[in-house]
Structure formats: C-alpha cells, structure tokens
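In the two complexes that follow, chain A is the common piece, with chain B as its partner first and chain C second.
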Partner chain A sequence: MSAPLLLIGLAGLFAWAHWRTRRAGKNDRWAAHARRLAWVITTTLAVYTASFFLMRATPGGPFDGDRALAPEIEARLRARYQLDRPVWVQWWNSIDALARLDLGPSMVLREFTVQEILVQSLPTSLLVGTAAVAWMILIGLPLGLLAARRAGQWPDAAASLVAALGQSLPTFVLAGLLIPPLVFGLGWLPAAGLESPAGLVLPSLCLGLPYGAQLARLLRAGLINTLDQDFVRTARAKGLGEARVISRYALRGALVPAIAFLGPAIAGILTGSLVVENLFGIPGLGSHFVQGALSRDYPLALGLVTIYTLLISISTWICDLLLVALDPRIELG
Partner chain B sequence: MRALSPRPRRAVDLVARLALAYLAGLAIVAALAPLWPLEDPAAVKLPRALAPPGSAPAAAVLAEPIPRTGLAALRRRLFGDWSIGPCLGTDDLGRCLLSRLVFGARVSLTVAALASLLSLVLGTTLGLLAGWRGGAFDRWTMRVVDVISALPMVFLVIFVVSLLRGVRNARPDMDIDQISVLLFVIALTSWLSVARLVRAEVASLKQRAFIDAAVLSGLSERAIFLRHLLPNLLPIVIVALTLNVPRIFLFEAFLSFLGLGVEAPSVSWGLLARQGYDSLTAVHATWWMVVFPAAAFLLTLLAMNFLGDRWSERLDPRQSSEPVA
Partner chain C sequence: MEKRAVILTSLVLILGALLLGATFWSTEARADLTIANGPDPRSLDPALAQSTADLRVAASLFVGLVSPDPRTLEPRPALAKSWSASANGQSWTFQLRENLKWSDGTPLVAAEVVWSYLRFLDPGTGTRLGDLLDCVRGARHFRETGQGRDRVGIVAPDDRTLHFQLDRRTPYFLDVLGQPPLGVVPRHVIESRGLGWTRPEHFVSAGPYRLVTWRLRDRVRVQRNPLYFDAAGVAFDTVDFRAVENAATMLNLFITGGVDFATDVPPGAVPALLARYGASGTREFLPAPRLGTFFLRVNCRRPPFTNPKLRAALSYSIDREAIVSTVTRAGEPACRSFVPDGVRAGEVEYQSARTLSFDPGRAAELLSLGLAEEGLTQLPSFELLYSPEPGDQAIAELLQSRWASLGINCRLVGQDGASIRDALKRLDYTVARSSWLGDYNDPSTFLDQYRTGSPGNRTGWSSEVYDGLLARAASEADSARAATLKEAETHLLAQSPILPIYHYVSRNLVSQRLAGYFSNVMDWHPPSSLSEGTPR
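After this line comes the complex of A and B, so read on.
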C-alpha cells in the first residue's frame, strides 16, 4: 500500500512548509522548496488522474487493433491487465503502482513494460533536447551580444534580422528547408537516425534555432538596458577591458530575462521534440507518446504524460533556482 | 521597458504598415478563396503529379454540381471555366499547390482567429471579474490559472486530440468535426495569459478616481464594465491578441503537421508543410512543395510577430510572462 503513504507524505510536506513559513518567515528557502516539491507531486498526480479518466471515458481500447480478437482472448487480455475491474479500483491500483514508481506493462507493445520503453527512449530524447539547448545558447548568445554591442549599426540590424527570421521559422518548416541542401545536396549529414553523432546535428539545430533567435532578442534588449547603467560606467571607469565589463557586470543583469525565458524554452523544446523525432525517425519519448495515445496504450500514454509533466515542472524549478542565484531580489514562490 | 533601439521610427512604421497590409491582404484572399479563378484544391489529377511550377497545363475544374449561389457561383459568372492553373506546381496527386495554399490559409487563419477570439472572451471575462471582485474569488481564480499554466498543456492537447481521433475511428457514426474540436481545445489552453493581463489592469484601474466616481453615481456593475472598464482594457487586450494569434497559428500548424490537426480533404498550412516534407527524397527535387509553404509561413509569422512587437512596444504593458502576484 504505497499510495496512502504517498498521500500522507504529500500532506506532511504541505504541513511542514506551512509550519516552517510560520516559524522562519515568508522568505524561508526550505519552506519554498518543500511547497514547490509538494505542488510538483500534486500537479503530476492531478494530470495523471485527469488523463486516466479521460482515456477511460472515451470509447475504444488498446485491443481494437486491425484484427478483431476473439471474445475469449479479449476477455483474457482484459483480465490480465485488470481492465475488467471497476474504473475506480483500476485508478487506485495504478496510483499505488505509480507511488512505487511502477508504470505497468505496455498494452500494445506487449513484450515491454513502460519502464523498459522509458529506459530506451528517455536518454535519446534528453540527448536531442540537450543538444538543442546547446544550439540555442550557441546561436543566441553571440547574436545577442553582437547586436547589443553594435546597437543601431549594421551588425545590429543584421543580427536582429536573423533573429526575426529564426523566430518566424517553426521547427518543421526549418527541417524541410535544411534537409535538401545539407543532406541530399552536400551529403554532409544523414537524413534520419542517431547512429552517428552527425545524425544529431540537424534535429537539434532545427529544434534549437527558433529558441536561439528569441534568446538573442531577449539578450539584446537586456544588455542595451544594463550597458548604460551606472555600475557598468563605473566598471569602465576603473579601466576594465570591454570583455570583462560585459562578462562580469553587464551580462549578469541581462541574463535575468534570458534565464526566465529558459523555462518556457525548455518546455517548447520538449514539445518540439515530438515533431523532430517524428521527422528524423528518432526513437524517443515523443514518437512513443503520440503512438501510445493513438493506439490507446493506457499505461504507456499515461506514463509518458506523467514523465513530461515531471520534466517540465522540474526544469522550471531549476530555472527559478538559477534566477534566484543571479538576482537575490527575486523570491522563490 | 523603454524603446529598445535607436531605430528610425519612420522606417519601423513603414514596415509595420506593410505587415498589416500583408496580413489584411492574406485574410481577404483567404476569405474569398472560392471567388478566385483557382482549381479545386482537392481535385486529383494523377497524370500531372509533381509538376514543377508553371509547367503543367491548367485544368478547367469546377466543383460538381455547380452551385447556384455564393462565391463559387459568382466565380463561374466572372471567370467561367478558366483558371490560372498550377503556377506554383502540383503535389504528388497533381493538385494545384497555389489553390491549396489559398484554401489552406482559409482554414489556418480561421482557426487562429476564432481560437484567439474565444480565448480572448474567456480570459477577459474571468480576468475582469477576478480583478473587479477581488477577495476570495480573485485568489481562487488566479490560483486555478497558476495551476493550469503549470500543466504541460501541449501534451494534454495532443492527448485529447488523439483520443478523439480514436473515438472517431471506433465510432464513425458520432461525426466529430475535427476542426471545431481543435479550435475549442486550443482556445481553452490560451486564455490564461489574457486573464492575467486583464486582471492586473482591472485591479489597477479600480483604484482610479473615475471608477470611484462611476460607482458613487450609482451606475450598475454592467454599465461600469461596458462603459468604463472595457474601453480602458482595449489596448492591453489588443496586445494579448497580437501575442496570442501567432502562437495559436503555430500550434494549429504543429498539430496538423503531426497528423493530429486538420485532416484531408481539408487543407491547412501545417498539412502542406507535412506534404512538402514527405515529398523530399534524394531522387526527386520537389523544391516547390517545400519552399512555397515555408515562404508562406515565414512571411505570415514575420508579419504577425512584428506587429505584436510593435504593439507591445507602443503600449508598454507589463510583461505577459510574469506572474502577477
């Protein structure tokens, strides 16, 4: 019985955060983290529950594939996956399993459990996502710096144009434009698959470029703002070199909106990975998710919704931590 | 935020006007799509499949039976059987790409416009009530907004849409209109930012003297909403709209591209982008099927983004992404 334990723990976490806030004041870090963790778990459970009942409430099931199964076989299958029990019992059992971090067996890919599918596909998706974030920074940072340093001159105009173009080219359009020259024309990169590191370049570039463009715009705006503040003038007056002035002083202030954008950007990259994995034939979470939802593979689709919820919540949490580290005036909410 | 760049204002306004003109033109072309001398976007003509731009002969096709009223009848009056033909090439089934782009714009823009309007109405109503009433209602509405915005909405939408797809496959008799479902689902996910913006604005307007005067003069709540609050909310609502429209437009394209949005025989730009992508092989160089939809996306999103930036720069609102305490 792990679900009751989970719920009691969750309530305890909320209570502890409440108690701690009353004792240590409103700005206490530990209370904020405890509350945050409790909300992450609550959100995940809520999403799981809502998706669970949504899936069960709509007609169709995991066993109506191309061929109709014999009634006896379908009855046995339903019994095996406990689909013959009342929905509430099924829900409680699955929450119980979830509390033990057990996502159950896949009902369509019957040789696998959801965990096994996750173990195979999560690293792939994380690899592509990380590479996309790397592209985003690699493109956004220099472009934003260049535009801000030369504000109003032609490098600024050029960088801003590139950023505007990048922002207006969605991932799936970009892929169509980049594949013919790079894959078929020059033959530098493979069209699909992740067998070689070169296969990672194109998917992650398509995924990261639009966000890199937005990052560049945010950095430019932030830097122009900080570059004419007093502390930057003081740093320059002390005789510091331009590189040091920017990296140590101006950039720190300009990074705040950029880091704040990182949370939505990571969520967007996770979303975009659905398209990219589909396009480049990458066996990641995204392709399993769409397939699982379409084929009514209850445990698989639910497990992946849960994982995505967790990934997004945790990444926004980390971004908030970074924000607080950069700018102590910001409070953890 | 100040005006960020020492860009000459005149040039910016010229570009803004161009962007607005482009969007208005696109909307008119799309809205009157059946009027233009275009081929039927769904007419399959296999002999001229994958013809490059300008090379295939125009086919004189009209929808059968010929309608007696409406735009299509007027088109027949004006142009007869004549059509300008597939001057942007044809797809793998020989359908005219130009016509598909125009009819696709109709679907894509309709979904974007209606979904943003719907989210606007929803967000403005809730934001207005929350900001005006204050107290517990305000706290709980905003708590709900916070909780919903923490959800991975895109995944839930995909989840819902694919479930509905399954429903339709299992029960063809239920007749679910995919496009309206899409519209509602997208609208339901995008009212949050509007509600936040409007609530913050109302909360600050409430402190102003003219609202006190209106309340003291015994005006009904309805009259205060309609005459005093809504007109003052208009700028911020327009900002929310300009931020929402490109997002929703992209979202529809994203879903259609994944095969979860608009379906054949309807066309949308996302679907066209998908077709173009699928036509790419090392053997055929079907560049037109990729480049023209890409150009359509690029131009439209550029115009939308630019107008959005201009509006927010001009009206200087609070940042939409910031949670309002």
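After this line comes the complex of A and C, so read on.
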C-alpha cells in the first residue's frame, strides 16, 4: 500500500514545515521549500483526482470502436483493466500505483505502458521545446529591448506590430504562411518529420514565436517601467553607458514580469502542442495528450495530466526562485 | 559570477539539445518505399487490427492461407498451395506449401495455423472482427462464450493439411481467409512473450516483411523477410509506414517527395488535385470506388421515428447528388443502395437494390401520412449527431437546410467519435452519422449488420422479414442467393433504419515510380506487390 505512505509523508512534510517555521522564523528557506513541495504534491493529487472523475463521467470508454465488441470480450477486457470495480476503488488503486510512480498500461495502445509511451515521446517534445524556447528568447529579447528603447517611435510601433501579430496568429495560419516559401519555394526545409536538424526549424519556430511575442510585450512594458526609476537615473548620472545601464540595472527589474510568465510558458512549450505536432508529423507528447482523451485511454490521459501538472508546478517554482534572486523585495512564501 | 551561470546554463541546454537531436538524427537511412499511413496503428497484432491503417501494416507483416490478388481480388495461394471444397461447399481442405518457415527459422506447420485461428476466435484475445469466421462450425459459440474450443470445425490431420467444417455453404469463404486479421501468428512467441510479442526484439512472422522498429506517432519500419515463401517476389527491401494524421501534411510530404504513397488527401484540395494529378495530369491521384458507405443511422426505438414512413421521408428528402458534388468532390457515387456497386456474390456480380432517390414530393407525402398515423401535426425537432470534421459538418448543414424546407427541424450536435459511438451503443440518439467499410467482397458484410441482435445494428430496428430473407439466402446457390439478398436490401431501404448517403472512394496519392498499383474495391495495395516501375 503506497498511497497511505504517500499521504502520511505529505502530512509529515506539512507538519515539518510548520514546526520549522515556528522554530526558525517566518523567512526560513527550508520551511518554504518543504511547504512548496508539499503543495506541489497536493496539487498534483487534486488535479489527478478531478481529471480521473471527469474522464469517467465522459460518455464512451476505451474499448468502444466503430465495430462493436462482443459482450463477452468487452467483459474480459474490463476485468483485465479492473474497470469492472467500483469507480472509487479504481481511483484508490490508481492513486496507489501513482505513489509507486506506476502510470499503468495504456488501454488503447495495448502493447505499451504509459511509461513506455512517455519514454518514446517526451524526448521529442523536449527537443522541439528546447528549440522553441531558443526561438522565444531570440525573438522576444531583441524585440522587447528595441521597443522599449525607442518607445513611442516607429521602431516601437513596428516591434509591437510584429509582437501583436505573432501572438494573435493561430499556429496553423503561421505554418500556412511559412511552409509555402520555405518548403515548396526554396526547398530548404522538409515538409514534416524530424529526420534531420532542418526538420526542427519550422515546428519549433511555430511553437516558439507566439511565446516570443508575449515575452517581447512583457519585456517592453517592464523595461519602460524600470527605465523611469530612480536607481536607473542614478546609474545614468554616474556616467554609465546606455548598454551597461540596461543590461546591468534596468533589465534586472524588467525581467520580473517576464520570468513570472516564463514558468507556465516553458511547461506549455515542453509538453508540445497538438497543432504543431499534427501539422509537422512530430512524435511528441501533445498528440498523445489529446488522443488519450479522445480515445478514452484513461491511464494515458491521466498520466499526461500528471506530467503536465508537475512540469507547470516545477517550472513555476524555479521561476519563483529566479524572481527572488532578481528582486530582493520578493520573499519565498 | 552571474555571467558564468548564464554561460553554463546555455552550454548545458545546447549540449542537451544536441544529445536529444543525436538520438533522432542517427537514425537509419530512408526506406525504399515510404507510405504516409494515417494515424498510428493501435496494434501490430493482426487479430487486434481494426482501422485501414492497422490493416495495411498487418497485411505486410502477416499472411494467411490465401491472399487476394491486388488486381482482381481473386484469392491466390499464399501459405496454402492448393485447396478443394466438398460438393455441398461445407467442407474445405487446404494443402500448405512445403518448407514453410517463420522469420526466426522455426518450421511452420498446420497445427500452428489452427492454433492461430482459435486464438483469433478466443474472447480473451479481444478481436472485433471475430464474426469473420462465423461460418465455421462452432466458431460463433466459442467466440461468444469462450466454451467449446475443441469443437470448432478447424483441424490439422497432419503437418501440411488443414480441414475446415462450415455450418453452411459460404461463397465468400476464401475472401474471408485472405483478410489481414486472419494472418497466421507465431504460437511459440505469443505463448512466451504475451502482449509484448509484437515488440521488434521479439517479433516473428511469416509474411513478406518482418518488423524493424515501431516508434509511436513516427513510423513502423519493416524489412523483407528472407524466409517468406515468395521473398524473391518482394521488390522493396525496406518499407516505412509513417504515422501522419493530417491529410494536408500527407499532401505536403507527397509533393516534396517525402513519401511515395499517401493514403488520404485534404477534402478542400480534391478539385485541384484532380486537375494536376488526375487522369489528365500525372495520373498519381485516381480516386476509385471502394467497398464502403457513409450513412445516417436512425434510432427506430425513439418516437416518432418508430414509424417507418417518417424515416423514409427523411431518406427521400436527402439530395445526395448535391452532397457529393459540393462536399466530397472526389467522384464519390451518391447512394442508390446501401451496398456499393461492383460487389461479388460468389460467382455472380451482386445487383444492388437501387431504390434510393431524391424526391421531395414523395418525402412530403410520406411525412404527412406518417404524422397522421402518429397523431402529430408537426415533426418534433430532433438532434443530428455529427463529428466536427470539415466534410462531416458541411454534410450535416446541407441535410439540416434541406430538411428545413420540408418543415423538418433538426439541431446539429457535434461530438467526438468516442461520444458518438457510445450514443450508438446505448441507443441514446435520434439520428447519427455512421460509416461502414466492407470486410470482404460480398454483400453480406453490409447486410448482416442489420440482422436482429447483430452488435453492428445499433438502430434498434428488427424485422422478421429481413432476418428470414438473410437466412434463406444462406442456403441458396449463387444467383438465387444474390436475388434474395437484393430483396433483403430493398426491404432494409424501404424501412429506412439507415439512410445511405454516399459510397467511399479511395483517395490515394501514388507516385509515378511505383508499379503494381491497381484500383480495386477493397483499396487493397499490399506493399509486397508494389515495385519500382516505369512511369504509368
């Protein structure tokens, strides 16, 4: 029985954080981390449970097909995957398995366990995601800086226009604009697939550009805000060059809203996007996420919900730590 | 300090990306033949195959006793060298080829073929197509109850002889045996490996190809099986079945030469494709009729559609020509029957009922008669379930507007496939989109579905007349049987539990460099019979 152990451990973590805060004071770092970890686990369990019951409440099941299964066969399949037990028993058993880090067998791709599917698809999503993050920074950072430096002038308007377009164009439109010249016209890039590094360019660009545009807007706003502040004026008064003022002083403060946005953004990018994967034939997580839900593959869909929740929680956590490092006024809590 | 951290982090990121990339880009060279196969196969186990994408892969890895000729669909010898049937057509004997071997070198004997069929029927296997073998004595009882395995009429008197005992004369028996789900599977591997037997590291088969890799959402790669009985006749050494779900992506890949064979095209591109790649162009896109029908199911248990006149009124008010000419546009034949043209019924060609037509006058007349019988003045508004794909939605909208002109009001409800199937299964719908692809080349693969109690029925419709006609046909010789089946189909269409709309066509894009591709109603193009050829 792993689930009770997990719950006891979780309660212990909360209790320890509480005890530590009382002993070491409100600003104790270890207490804050322990509490955060406990909340990450609690959130994941809560999201898992909500998704579990939502999925079971949705009509249809993993064994429905265009062709009906004979009742005898369906009964055997349901028994094999324990779907014949009461729902709360199934839920408890799956939480128990989750506590052992066992996400169970896929009910639709029956030759695979959910772990095996993750092992196949997560690296692909990470690869495309890393490239997309690179695009996001390559596009967002210069665009945001340019717009803030020339606020109110034409470069600002141009950069803002590009950012607004990048943010509002749906991925499939973006792909539709990029594919004809780059794939058919110049023939530089393959139409789909990840068979060569060139195959990475379009999907990661389509995935990263909207986030880059968002980053540029946040950076512009943050930078305009900080460039007005006293400590920047002091730095300028000391005779520092504009490049140094921005990189050393202003950017630090301007990054705060951008970093707060990066947490969920990176989780979103790394887990892939159904549209991008579908358009470019990328074997990543995103299509499994959607297909898992559509085909009522309960363990697959729930496993991916869990991974997604964990990724969001952890990347937000890391970003929070970065925020504390950037801005001493922010406290871990 | 900060700078160093930034540089270090970037280095780690770049290295990580390169390492990740290396795992992809060190992969094997391009296959000799690349097929954009549609969605991932759900299973490589032929008994569990269900979609056309699954079946295409299964057909290249496995082989049965016979195999349909890619040009004529006539059953050709495969594992069996020859066969004979008794005079009453109920007893069949097959002689296997000599020296048959599995891809791991183990000899393949008749007892394993028997085991393979019994496994197919075993309810523990979980096949959806078990009814393919219902003509075999005791097969249906075994697959429905799990009892009586040793009473199924399939035996192997010696290592090279196989004997089937059928319940009734079955003119399409050889067609059934040639279907990919009845490919013979290796007992010695399945019993030791369980569900994991289809993994590349364990995989053993007797078909033209053996499995090399299976990466989900990416590809299934197969390689020529040197121990296949006709290995010399297999032209391409390696074949990739790429998992490409999006039809536009398939088209892009085909145009840029990324694939040699695409199995679907985007509906919106059909007219342009016909002009450029059709009969007057490169002849790489030649849609051809296939054995499948798009239709609507009507729930015959839900008032007022318990009344056949009201169902027929819906049918007469469907402008099928408008649907095929404005929505599907690849030359799909508008339905005049449920069974498509060009179907064999044993030795004769089946002449389908051809009673469907677009007749608003007749529809209005049937509507008022039906309403009067039900004591209604107007048909209550009902829901039409469709799946929110572009083509499906356009058809639903056309139907809605056509029916509205007769005073029939329906609400369109878009639902995902799983929800629609669930509604059909529980008979919790009024009218819903449906489709059927024939399993083998005979009208019974269509008509048997609407027999009382058939799991494929899903309309709540039940007719003693219909059941009686099908039972009578089962004992008749070919031409009398075809006539009786036609009578049954006529009755089915008059009663209108289903409203056929159009018949499917194949939508393959096939590179000019491929020889051995022939249009046929089963859309059957096994990669093992394709070869490098002069442009068509």
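Points worth noting:
Assume the second predicted complex is superposed on the first by the 310 of 333 C-alpha atoms of A that agree within 3 Å, B and C clash if a C-alpha of one lies under 4 Å from a C-alpha of the other, contacts with A are read in each partner's own complex, and residues count from 1 in each chain.
We adopt the following convention: contacts are C-beta pairs under 8 Å (C-beta built on N, C-alpha and C of every residue); 3 or more make two chains touch, one makes a residue touch a chain.
Since this is a predicted model, take the numbers as computed values, not measurements.
Contacts of A:Asn278 after superposition: both chain B and chain C are touched. By the touch criterion stated above, A:Gly152 is placed in contact with chain B alone, chain C being left untouched. In the superposition on chain A, no contact is made by A:Gly12 with either chain B or chain C. In the superposition on chain A, A:Leu200 contacts chain C only, with no contact to chain B. In the superposition on chain A, A:Arg296 contacts both chain B and chain C. When the two structures are aligned on the shared chain, A:Val173 is found in touch with chain B, with no touch to chain C. When both complexes are overlaid on chain A, the residue A:Pro181 reaches neither chain B nor chain C.
Of the two partner chains placed by superposition, A:Pro4 touches none, neither chain B nor chain C. Look at A:Gly60: by the touch rule set out above, it reaches both chain B and chain C.
Residues 58-60, 64, 179, 183-184, 191, 278-279, 294-296 of chain A contact both chain B in one complex and chain C in the other. Note for the complex: chain B touches chain A at residues 1-2, 4-7, 147, 150-152, 154-156, 158-160, 162-167, 169-171, 250, 253-254, 257-258, 260, 270, 273-274, 276-277, 280-282, 285, 287, 290-291, 293-294, 297-298, 301-302, 305-306, 321, 323. Residue ranges of chain C in contact with chain A, taken from their complex: 13, 16-17, 20-21, 23-25, 27, 30, 40, 42-45, 48, 50, 123-124, 126-130, 143-146, 195-196, 198-199, 215-218, 242-246, 248-249, 252-253, 255-256, 258, 416-419, 421-423, 425, 435, 455-456, 458.
Looking at the complex, you find that chain A touches chain C at residues 58-61, 64-73, 76-77, 108-112, 117, 120-121, 123-124, 126-127, 130-131, 134, 179, 183-184, 187, 190-197, 200, 277-284, 287-288, 294-296.
Residues 39, 43, 46-47, 50-51, 54-55, 58-60, 64, 151-152, 156, 160, 164-165, 167-170, 172-173, 175-177, 179-180, 183-184, 191, 220-221, 224-225, 260-261, 264, 267, 270-271, 274-275, 278-279, 289-290, 293-296, 301, 304-305, 308-309, 312-313, 316, 333 of chain A are the ones touching chain B in the complex.
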